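Structures for review follow.
Both complexes below contain subunit A, partnered by subunit B and then by subunit C.
Now for the complex of A and B:
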């Protein structure tokens, strides 16, 4: 009996349960907002909240895809390159259509999503079939497709896109509908589908999952396809917002993407994370951006603050992982 | 939970404190225009080069002299981030926006958003694509004329050597109207002077020092006879100097093997190189003129005056002959003195 007591894990305290909660960051975001609202002119106005929402949606879509990969125990560094490549390819497709009506928009969006899925699938295949580390595969994909986007356009931006397409990123109701649809579907996949259960199982322990009959390789490929699709949809929204196919679209977004997922509770060790928590992470990052931006802070200050927060989140993740392992 | 609230308040305060480090302050206690102190948002795409830092400083000085408050936003090369920043400035209901866009196209939604909110907007040093009658005023250097004059000065120097020179042009990002103007100015100046300068290499830099250096190194290997170089921006000079040193071609004017070298912008490096005798000429953008015109244009728009077209900064060419006379007006010389 005395031995049992000695080796039993300590009863987790309230702070520890809170730290482990998927919604911890949502609470922090709410408190952050309430704490700063009186001090920042325009921060709590409907107009700014609308801006905040509009700015968050493209990041949410791509970070949700990244979360899927992190749950599976991988990482996708190629998302920003996928965004750039799909932005210019989609823009070129739409520009070459004989008319700029709805058909051009549908074709362009389909091409962008298709490319995103194919690149994501290629990443997944390289990781599973060639047994290459996800970091190396997606890093080289990032280099290749970043270069490809610049090469195809010779650094030129492509504008004159269809109005319907621009509305997808430029008008909040359209952006919101597209984002909620995608993220809702992803949330359903993770929580309700067999694929979701397999994904968590692979992330927790791929060997055990394989022994248990989970098609590990297929699940991993699926995760990267979803990440590619998320990046492509984010590209649709940002390209529409800027009304321009941009060969360097999203070049500086990777820190925010991974940061939002990790701050939201996704683990670099796999097996942990969900779309709602990632949404909280996105909200927090964008709150930081927005509040400091309204204060007129320099971009470098914002980067320093965000870097510290992401480091804190990664530390918390590591701590949590050790606590779980100890239990 | 009890610990969470103080923690987040602490976090908020820490962030506020950090934010204060980069926050601009009002120009003075009596700053006002009519009953209300004006606030101008200054959104720069980048502070990557000395030119932009000098430009931002010149605008802030100009606004301070007029007792106008500044809100600054730097997008670090990200057009989507700049869009968010412009929307933030609109939310803050600033009285005007001075914008340095990343390029001529991605700024169009920002301009539309500012105009829809009734906020005057002026583009600093980089014009936008046309928005018809809604195209905003841009204060820009006459890139074509100034680079043509600069290259003409280099060609005149080349003529004095009595030999035919092999030329290299270092291009900027051709998505940037300024880079296109400078390229066209170069081409216009060498056209008709093929017997003096034969352009054998055109190196794309995309405004990236590493790409410029690699391009110049490759160009010098492929064409070791190159002895005439014009860069579309002075901020690429360190890359060119490095490549020339590697090739053993970094010589002062008058020394055997000197490569005739010219640039554009007028930064502190160019000033030092002119002083040391390595640089032959550079086209200087008058950032003080541009800052003054940008602020004045915003105030004119607020006063209801119609503002159309670009405001041209004529700039000037500075070379070995007029260095002493022109240096006081060269922003790079002033930066150098204050270091």
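Now for the complex of A and C:
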């Protein structure tokens, strides 16, 4: 009965094509900016835009990692907990090397990235080897590492970090370089590499991927490792920005991370999403944050608005899925 | 009891059944036999109202019978016992029995628990099951579940019960219990239609027989008039037409695949065979004979409990799909939608999936898209994929035939030495079938060994150099091309049931 639909070539209407386009959200962001710029004082100033960019980069890094997991058909709720845990652990490592500025920075960053990769790998192993649902695995990882970060520091912030380290997150050129390098590499992996092609295949249909010789488990573990690395790098940037190891770093960020990916077109059904679209999603979310903040809205009002917008994006995703799916 | 008058049903313009006319006498059991695809299931689905006829009419007890939905069929006294068990394993027996008609108190949401238990007990007694109605169905054996399903049907006070391959999941003793129940129901005056591949059972249970072939009734009458050989010849009796391309090559002498003593408890026992280069080896058997399971073991998707598989004389370790692909094995699965294609991925991505590693740089993993695209374009032409299909088009939007060509194409790109095909022409039209046959022959002519699983006897006879027959997980016969004989194949496929 649905055979006619299945054979008919896809004929998306103009609005539908726009809805599915990678540039849709970029267009919306631009319209939003242009519409509000005249009415919000200080919105369209160079300082504010610079500020907006600085705030967007850490989110971009962690959301890009999340996108990788979403493409594989999973979800990683543990990213903000990884950020908090790596923030305090990295700070503790660097605190012990007070007179070794550059070396301390390198060691600290390496430790943070290492922890991110290991936790991500652990998530991936639990999901593939023990066949546990990603939601449960990463939710429990989130609980554990959120608690761990506070426990380790007795809820204290850790100050006195090397200046080189603080510059990474605090000075925009450094932040920009580190973020773009990481995200660019990720984008290359997704678009050009064998891993990327396998990742999309696993997200589309893990059974077909397996029959076709794709090492499905390895690809999935790799996806969670990348997500953990993304979270760790975001932690490096934010820790440097705040110049403190913060046990509750990124506590409000999870919504933004998943929201940015989904607004950017990654699908909870797997197989969809890319770094550029996620960047557009990040921009959109940060624009809302920034504009509502300038208008003096409270954090909670902003949360309400963003909640509605992410729901709308998820709805669009689901609609799009239903429109294109033959049955 | 039930009468068919010129009933016909087509799916997408392809006739599945009819027009057929026959009648079932009240209080008797009618056996319905035929090959896979002969129209038995369609007939059952018409009676159970999961599909509607295109032409003709059915009479139930002299009244016009035209239910619009399964619930209506049940209300008019027609109950279908499915081939696969259709119970909710997570619910109790009683809940399964009364799912659609719980005895209720005056206020609707409350269920009369006591009445439920009592009525459930009564129904269970009727099918001879001495179990607590509160038992979860998942704790039951297949035979007990089957009886519960019959009890559920009896709860609707049926006049006609349809059994569709009711014994496939049952052991001998459980089947015996079922037969006794069927006998008892007949004495109560309930009419039944009994569909089965197990011809000995049909002879034993049924009063009358209807033989279907290609959707038409090719034989009917009292079961006493049908010997087993006559049943078989009626089921298969047709000539091969010119649907098959002429074979140019022939099998070579050197072996490419050797299978020695593969066993998997309850699924297959001591399977051994050899496949030559350039040979098309058919694997015949009924549904559930273990053919697809064998294919999955050969390809490393399942592990056998014992046995050895050699490719080019070198053993293949169990359960290593990637290694098998690297060494030249390819596997077109039975259901292209679940594990043959990425339906939402583009045609190009689907075609390239298997050979990606060959086009990736060893150091960076960078895929050489240009070369890959070139190879994909070549194979697109080789499998004669519809020119209308765009490279970026999702596989989902293609017709069944083109989808199958994509799956075949992705394996051809890997230049297989052994190609395993599981029902390669299922659900695709005649034109695409011919092209797939041509491709299969071409692969063999280029020196690969082909293992072809098919439920279409014609296809096996038309394409293969040799045919193995599988029955309940064992090879019961091997036929060389000059020995090909439909009756013999069917007899061997039924080997276990004929001797039972």
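Rule of thumb we're sticking to: the second predicted complex is superposed on the first by the 314 of 327 C-alpha atoms of A that agree within 3 Å, B and C clash if a C-alpha of one lies under 4 Å from a C-alpha of the other, contacts with A are read in each partner's own complex, and residues count from 1 in each chain.
What we mean here is this: contacts are C-beta pairs under 8 Å (C-beta built on N, C-alpha and C of every residue); 3 or more make two chains touch, one makes a residue touch a chain.
Owing to the predicted nature of the structure, the values given are computational and were not obtained by experimental measurement.
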item: Touched partner set for A:271, first subunit B, second subunit C, both or neither; value: second
item: Which superposed partner A:210 touches (first subunit B, second subunit C, both, neither); value: second
item: Contacts of A:198 with subunit B and subunit C, given as first, second, both or neither; value: second
item: Contacts of A:299 with subunit B and subunit C, given as first, second, both or neither; value: first
item: Subunit C versus subunit B, contacts on subunit A by residue; value: B
item: Subunit B versus subunit C as contact partner of A:318, first or second or both or neither; value: neither
item: Footprint of subunit B on subunit A - complex, ascending; value: 14-15, 18, 27-28, 31-32, 35-36, 39, 41-42, 45, 47-48, 51, 54-55, 58, 150, 154-157, 159, 170, 238, 241-244, 246, 248-253, 288-301, 303-305
item: Footprint of subunit A on subunit C - complex, ascending; value: 12, 299, 301, 321-322, 324-326, 331, 333, 338-345, 349, 352-354, 356-357, 360, 364-367, 369, 388, 393-394, 396-399, 410
item: Touch list for subunit B against partner subunit A, complex; value: 1, 3-5, 8-9, 11-13, 15-16, 18-24, 70-81, 83-85, 87-88, 91-93, 103-106, 108-109, 129, 173-175, 204, 206
item: Of all residues in subunit A, those that touch subunit C in their complex; value: 3, 6-10, 189, 192-195, 197-198, 200-201, 204-205, 207-215, 271, 324-326
